[in-house]
Amino acid sequence: MTSRLEGRRVLVTHADRYIGPPIVDLFKKEGAEIVADETDYANADAVRDVVERSGRIDVLVANFAGPHRLMPVTNMLTDVTGFRDEDFQSYLDELVWPLLWFVRATLPQMIERGAGKIVGCTSATPMRAIPGLNIYSAARGAQNAFVQTVGAEVAAKGVQFNALGPAHIENNMYYTDEMLSNEDVREQFVSQIPASRLGVGADAAALALALATEASDFLAGQVIPISGGWTT
Amino acid sequence: MTSRLEGRRVLVTHADRYIGPPIVDLFKKEGAEIVADETDYANADAVRDVVERSGRIDVLVANFAGPHRLMPVTNMLTDVTGFRDEDFQSYLDELVWPLLWFVRATLPQMIERGAGKIVGCTSATPMRAIPGLNIYSAARGAQNAFVQTVGAEVAAKGVQFNALGPAHIENNMYYTDEMLSNEDVREQFVSQIPASRLGVGADAAALALALATEASDFLAGQVIPISGGWTT
Amino acid sequence: MTSRLEGRRVLVTHADRYIGPPIVDLFKKEGAEIVADETDYANADAVRDVVERSGRIDVLVANFAGPHRLMPVTNMLTDVTGFRDEDFQSYLDELVWPLLWFVRATLPQMIERGAGKIVGCTSATPMRAIPGLNIYSAARGAQNAFVQTVGAEVAAKGVQFNALGPAHIENNMYYTDEMLSNEDVREQFVSQIPASRLGVGADAAALALALATEASDFLAGQVIPISGGWTT
Amino acid sequence: MTSRLEGRRVLVTHADRYIGPPIVDLFKKEGAEIVADETDYANADAVRDVVERSGRIDVLVANFAGPHRLMPVTNMLTDVTGFRDEDFQSYLDELVWPLLWFVRATLPQMIERGAGKIVGCTSATPMRAIPGLNIYSAARGAQNAFVQTVGAEVAAKGVQFNALGPAHIENNMYYTDEMLSNEDVREQFVSQIPASRLGVGADAAALALALATEASDFLAGQVIPISGGWTT
């Protein structure tokens, strides 16, 4: 065990979803004091409450995934003419708005201290199209553009805001055990990945740790795809 | 006068805003039959009505800008901690939802004919950060990711869906005459543009025409920045 | 027939290779006066001679492909540890140096007139990896970076230097008739292309025409991939 | 002191130039056994000798900069029509060929062990144009495309080949103390960097360490710009 996050307080959002669980595991091992939030983010007030209850936040892991009721991510062509408005609204509600609210609520204390790290867990899908994922990709594209612009805005204030953009990484929301237990589905994914394997949570957590520590000291507003070379 | 759009029916949305007016001018000169729509796009039904009233649509120019009540686009740092939820909602309502609705409503007839062009007029801001434009850029990022994914989805059906991403181009919504009458503001913009000038509507319309004709026959889901080299 | 290049003198390099033949065909139809050069570009002096003999050059189509003796482009994994130095040197000699020399020799007259278009025909491979093409991609990457930087440098002087980056387009150098007569090879390519077809020369020529005319008036240093959505 | 590279043998090329010195410092602190090579790389044989003398190489830091005799990097417009062939040849000789040779010479042992990390230190200039740097950028563009393609090729063999692309980072080759002692020059750079400061060697070394360890386990062929947000 090293202690790369010794003395750092880390708020992880949607801590029970997506890249949340492996990040909580790894960051704990590295000595962080973790606030692993698993509540719903229904509106700006709810988010502000979470941030206020969290006290000092040295690192915000802005990890969002959802909603639970939607079908898992697949790369099979769906009827593009048929997306439902409520599905896109769900993506906005679960992915985009919470990111905006958490960043807005957390930045003031970081700017005041002149120090802070925000690590988004967004997606690589806006960097390479996956047929069928049009509204999901739109929501992730909003996230990535927000990271980029706000990251540039706050860089001069000692806050580094960057993100990892996972694709083809096993997690409990999109690339679920259930989906991947089908060998054909798994093989179809793997055949598209230069690394010849699906990623695991620990891969993404290790990159998140880099973005939460010195490796991001001169990065600003960057979304780094992590996909075994699929976006390369 | 050439006649590169002879016999083509073109629906231009927000025809009185942003890149709409120069596109209507140029496309008319090129022989197109134009439906220049200037209504509001409050919901999916309103959009479907516009599309149905338009009849055959060979080319959809998915041009969205707004809302009118927001401040014009600037590249001056604003207080990132202070964006208002209603402003981002306005961008979603005026930029993102209408794009989704128009594409969804128009694609079926294009797919049925096995032919069609959709030309988005989005923005280059998601390709390079402009401090102060965080929620605007997020909305444009959603558009660009949607173009990319749907463009890839429908390419096999004979429909080419691509976009131009303007930045630093004079128009009646963001880089307005009023704003640019201030010589300091104008000079500040120009100093950042390799071409040493602001773009004009005709520049963007010429690229839109390319995307509406043969030049896009083997493009799919691409957002081409047009910014005088600012994004280069 | 329209006449979009009426009165324009166009120098096309490697006019008998790659995108050269379809560009010569289309640009002639559009009224251009074409200098279709098919000589070798062994050194800077040879290139300077070609440019001087060409007289006024309104449009330079900087199209380079080769060398003839190398194996055709494939996307099959080759032994990366085995590329031969002479092969990379050949790519430098046939792709990179001629681009630099032609641009250097042609720019002065364009800058003096305050007007000119340079249209590179490079490649999309530096935008998405194709296993096996490492040294080819390196040479194309040098071209693309050169387009970008010089395009930004000369934009203020009234010269627009941009490029198309073909991939998966039939031509007489890489995606040859001979290679594509093998149905399995063809199908392997097509399966990766969202447009579900290989591109043809006319597709690329149409984009080149756009870059040689008004559509590029506010572009600078951009390499536009043309690949049926493969890079999207 | 942590020990993130305990037991790892690391070959650093051009160890006395560019990002070499801070990487040697940091990697030593992390417990690596360093081979800090400072010889010239005149041809493939010379490079093969360096690699053979180095024994087992767990991590190759492929850091190249030069040549010494060229003027330092500036962002001032130079006469594009005037680059000299020998200058581009120097960039090929010092930046591009050595990268190809070192990667070719080192990969076999990594592939045989099914494990290895290659960390390139290239440049962000091919991602955003700096007027005046056209041939430098071309050489760096060749490097970046090579990283991308080879990184994708070898990912399935347990080797992660990625790179950092520095810009606006103080070092002994391009952003030298001498150049930056001029306050106007320094200020001109800083004004373009969202982070409002130049980077230091330790910033780049920290990212290199991430790419040499677990953070890159599911990355392949990626060039990560590090520029304080300048490329964002």
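Letters A, B, C and D mark the chains as written, and numbering starts fresh at 1 in each.
Convention: a contact is a pair of C-beta atoms (placed from the backbone, for glycine too) under 8 Å apart; a residue touches a chain by one contact, two chains touch by 3 or more.
All figures in this text were calculated on a predicted structure; none of them were measured in a lab.
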- Task: Tally the contacting C-beta pairs at the A-B interface and at the A-C interface, and name the larger one.
- Result: A-B
- Which chain's mean C-alpha position is the greatest distance from subunit C's? A
- Message: From the mean C-alpha coordinate of subunit A to that of subunit B, what's the distance rounded to whole Å?
- Response: 29
- With chain centres taken as the means of their Cα atoms, state the distance from subunit A to subunit C in Å. 39
- Message: Residues of subunit C that contact two or more other chains, please.
- Response: 129, 131, 148, 151-153, 194, 221, 229, 232
- Item | subunit A to subunit D touching residues, read off their complex | 2-4, 148, 151-153, 155-156, 169, 194-196, 199-200, 202-204, 206-207, 209-210, 213-222, 224-229, 232
- Any idea which subunit B residues touch subunit A in the complex? 44, 77, 80-83, 85, 88, 92, 96-97, 100, 104, 107-108, 111, 125-126, 129-135, 137-146, 148-154, 221
- Enumerate the contact residues on subunit B facing subunit D in the complex. 128-129, 131, 194, 229, 232
